[in-house]
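What follows is a pair of complexes built around chain A, which joins chain B in one and chain C in the other.
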Partner chain A sequence: MIEVNDITKKFGRKKVLKGVSFTAEQGEITCIIGINGVGKTTILNAIMNLTPLNEGQILINGETIHKHSYEKITFIPDAIIMQPNMTIAESMQFMADFYDSWNQERATELLDFFKLQEDEKINDLSKGNRAKVNLLLGLALDVDYLLMDEPFSGIDIFSREQIAEVFTSHLVEDRGVIITTHEIGDIEHLIDKVVLLDDGKVLKQFNSEEVREEEGKSVVDVMREVYQP
Partner chain B sequence: MNRFVKLVNFELSRFMKVYLTLAALTIIVQVAGVIVKANEYMAKANEAINEDRIPMAQFVEQNGAMSFMDFTRSLWFMGPIAICAAALIFYIFMIWYRDWLGKNTFIYRLLMLPTARLNVYLAKAASIVLMVLGLVSVQLIILPLENSVFKWMVPVDFRSDMTVGQIINWDYLSMIIPQTFTEFILYYGAGFMAVSILFTAILFERSFKWKGIIAGIGYIAISVIIFALPVLSMIFLNREYLYPLEILGLEVALGIVVTAMSIGVGNYLLKKKVTV
Partner chain C sequence: MNVNFNKRDPVYMQVIRHFKERIATGVFEPGQEIPSRRELAGRLKINPNTAQRAYKEMEEAGLIYTERNLPSRITKDEAILKSVRGELIEEAVDSFVHSIRSIDVPVEEVLELVKEKYKNDGEEVQDD
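On to the complex of A and B.
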C-alpha cells in the first residue's frame, strides 16, 4: 500500500500541497483529479522522492522510499524520460541493464501491442508514440505500483484509445496504479478510487463503485458537485 | 557489470561524438601545425640560402636551429589543448544541466534507477576524469608522431633534436603529463577535488534554485578557503613557520577532506534535497 500522510510542499512562499493524505492499494486504480497547477504532479514526484517535502511522510509497503524501491514502483511522467537520440531498442536495453525487474517478454509484447518499431529514434517519434514508449518502458517493469502523470495529455484519439486499452489488459492487472488526469472520459469506468484535489488540498476522496451503486452517481457527477457547487 | 560501471559507460557514450571530435581536432591541428611551422622555417631558410646567398651555417647561427619547442609554443599546439580544456570545463556543468534543461527530462530516469544516487554523482565525476586522461593519452601518443614529422620535414642541419621525454619536461606540458606517480596523484587529485566542488555547487543550485546559486558560490568559497588554509594562514600571519614538505602534507590532507566533504554533501543533496 502507498500511504501519503499529511504532506505539505512549498515552492518558495507558495504552498502547493497543504496536508494531503490518501492511500493507494495494490490491484486498484487510484485517480488524482484536479485542474492544472493544483499539485497532482508534485504528489507523484514526492512519492518517487524526486522533490523533497516540507512536512508529512510517504510510505510504500510500510517503508520510506529507498534505492531498491525503484524495482517495485515506477513513475511514467507526461514527457518521455529517455535520451532523445536513442532508439527504442537502445532505450529498452538501458532499462534491461539497470533494472532487475525488467521483463523483456512483456516489453516485446508491448512493442507489438503499440505497433512500435524498435529501430526508430525517440526524437523521430510523434507525441502519441512517445507516450506509448514511455508507457512501454514503465509497464515492462515487474513492479507493484505504477504512477502515471497525465498519460492522455495532448495525444490523438487513437493513441488514447490504445493507451486506455492497456488498463483493461493483463499488463496492468494486480498492480496498484495512481494516475493523475483532468480528462477522465477514457478511463472513468476503470477507476476504483478517486481523489479530488483543489488548491493543494484533498476536497473529497471516494470509492467510485460505492458512489455508483449507493448514490447512483458517476465520477463526473461527483466532480460537478465538488467543483461546481 | 555493476550499475556504477554501467553508468560510467553510459555517461562516456553520451559525450563520445563530441569527445572524438575533440581528439580528432587535436590530432589534425597539431600535425598540421608541425607541417606549417616546419614549412615556414624551411621557406625562410631556402630564401636566405638560395636568394640572399647566405651560407647555411650563418643562417642557423643568425636564426637559431629550429626546435620542436618552436612548435609547442605556437597556437597550433596550444590552441587544441586550450579548446579541449575549455570543452571539458564546460562539460562539468553540461553533464548535469543537460539532464534537466530543455525538453530533456532524463534526470527522472537517473534519479529513479535502483542504485544509490551517489553512483550517479560518482559516475559523472569518473567520466570527466576518464575523458581528461583520455585526451592526455592522445597527446602522449601523438607527440612522438609529431616529433617524427618534424624530423622528416626539417633536415638535421637546421634542427635541434629533442627526445619526447625532454618535450614533456617543458613547462606547462609537465603539468598535463606528470613526470612521477606522486605528481600524477597530486595534479589529478587536485583536479578531481575541483570537479567534486563544482558538482556539489551545481547540486546546491538544482536543489534550492536562486538561493542555491548563493549557497553554491558560498560552498565553493568555503572549500577553497579550507584547501588553501595553510598558505593563507602564513600570508595573514606573515610568518613562514611551515616547511614546504609540511605544507604539501597539509594540502594533501585538506584536499582529501574537501573532496570527501564535497562528495558527502553532494550525496545528501541528491538523496534529500534535489528536485526534478
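On to the complex of A and C.
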C-alpha cells in the first residue's frame, strides 16, 4: 500500500499541496482527478521522492522511501523522455541497461499488444504511438506500483482505448496503479478508487463501484456534486 | 462478447445480468466453460477486480461452479437455470408495468398494443 499522510508542499510562498492524504492499494487502480494546476503531478513526484515535502510523510508498504524503493515503484511521465532519434528498440535497450527490474518478455508482449514496430524512430511516431512507447517502457519494469501522469492526455480515441485495455489485461497484473487525469470519460469502468483533488486538497475519495452500488451515482455525478456544488 | 455498460449501476451487477441473459437464451449452455476472470476483464474492458466480484457473486448464487483449479463453468442445475429465465422475464415485465402505469392506460389496450408490437418487432428481427 502507498500511504500519503497529510503532505504539504510549497513552491516559494505558494502552497501547492495543503495536507493531502489518501491511500493506494496494490491490485487496484487509483485515479487522481483534478483540473490542471491542482498539484496532481506534484503528488506523484512526492511519492517518488523527487521533490522534498514541507510537511507530512509518504509510506510505501509501510516504509518511508529509500534507495531500494525504486525497485518497487516507477513513474511514467506524461511525455516520453527518450532521445527522439532513438528507435523503440534502442529505448528498450536503454531501459534494460539501466534497470534490473526490466522484463524483456513483458516488453515484447507489450510491443505486440500496442502493435508497435521496434525499428521505428520515436521521432517518426504519431502522438498516440509515442504515448504507447512511453507506457511500454514503464510497464515492462517488474515493480509493484506504477505511477502514470496523464496517460490519456492529448491522444486520439483509438490510442486511448488501447491504453485503457492494458489496465484490464495481465500486463498490469496485480500491481498497484496510480494515474492522474483531468478527463475521466472512457476509463470510468476501469478504476477502483477515485481521489478528487482541488486547490491542493482532497475534496473526496471513494470507491467507484461502491458509489454506484450504494448511491446509484456515476463517477461523473459525484464529480459534479463536488466541483459544482 | 460486447456489453454496453451504463454508468450508474454497479458494473459487477451488469456483468451478472449479461451472464443471466446468455444463460436464459441458451447462448451459454449448462456446463459450458467460461472465460477466466482476467480474460473476462479484457474482453469486456472492465476492471479485473470487478470481474472477480461478478464471478464470486455468481458462484455464491450457484450460477457458475469451479472444481479445484479448473476453469469455471455454467451450472447444470436445472432449477437454477429455469429460475434465471423466470427472473429476467419478471424483471422486464415489472419495469414495463411501472412505466406504463404512470400514463394510466387500461390493461386491455396495453396488451393489444404489446401483441401488435411484439409481432412487428419479431418480424424486423427476422429480417436482420
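Quick notes
The rule is short, and it goes like this: the second predicted complex is superposed on the first by the 229 of 229 C-alpha atoms of A that agree within 3 Å, B and C clash if a C-alpha of one lies under 4 Å from a C-alpha of the other, contacts with A are read in each partner's own complex, and residues count from 1 in each chain.
Simple rule for what comes next: a contact is a pair of C-beta atoms (placed from the backbone, for glycine too) under 8 Å apart; a residue touches a chain by one contact, two chains touch by 3 or more.
None of these values were measured; they are calculated from a predicted model.
For the composite obtained by overlaying on chain A, chain B and chain C can both be accommodated side by side without a clash.
When the shared chain is aligned, no partner comes close enough to touch A:Gln205: not chain B, not chain C. After superposing the two complexes on chain A, the angle subtended at the C-alpha centre of chain A by the centres of chain B and chain C comes to 160 degrees, rounded to the nearest 10.
In the superposition on chain A, A:Ser153 contacts neither chain B nor chain C.
Contacts of A:Glu165 after superposition: chain C is touched, whereas chain B is not reached.
Once the two complexes are overlaid on the shared chain, A:Thr108 sits clear of chain B and of chain C alike. Of the two partner chains placed by superposition, only chain C is touched by A:Glu188; chain B is not. Using the contact criterion defined above for the overlaid structures, shared-chain residue A:Gly27 touches chain C, although it does not reach chain B. Contacts of A:Glu213 after superposition on the shared chain: chain C is touched, whereas chain B is not. Least inter-chain distance for chain B and chain C in the combined superposition, rounded to the nearest angstrom, is 28, based on C-alpha atoms.
Those residues of chain A that touch chain C in the complex are listed here as 27-29, 164-165, 167-170, 188-192, 209, 212-213, 216-221. In the complex of the two chains, the chain B residues touching chain A come out as 3, 6, 10, 14, 103-106, 108-109, 111-117, 207, 271-276.
Residues 5, 7-13, 38, 41-42, 44-50, 53 of chain C are the ones touching chain A in the complex. The touching residues of chain A, when paired with chain B in their complex, are 45, 48-52, 67-71, 74-75, 77, 79-84, 94, 97-101.
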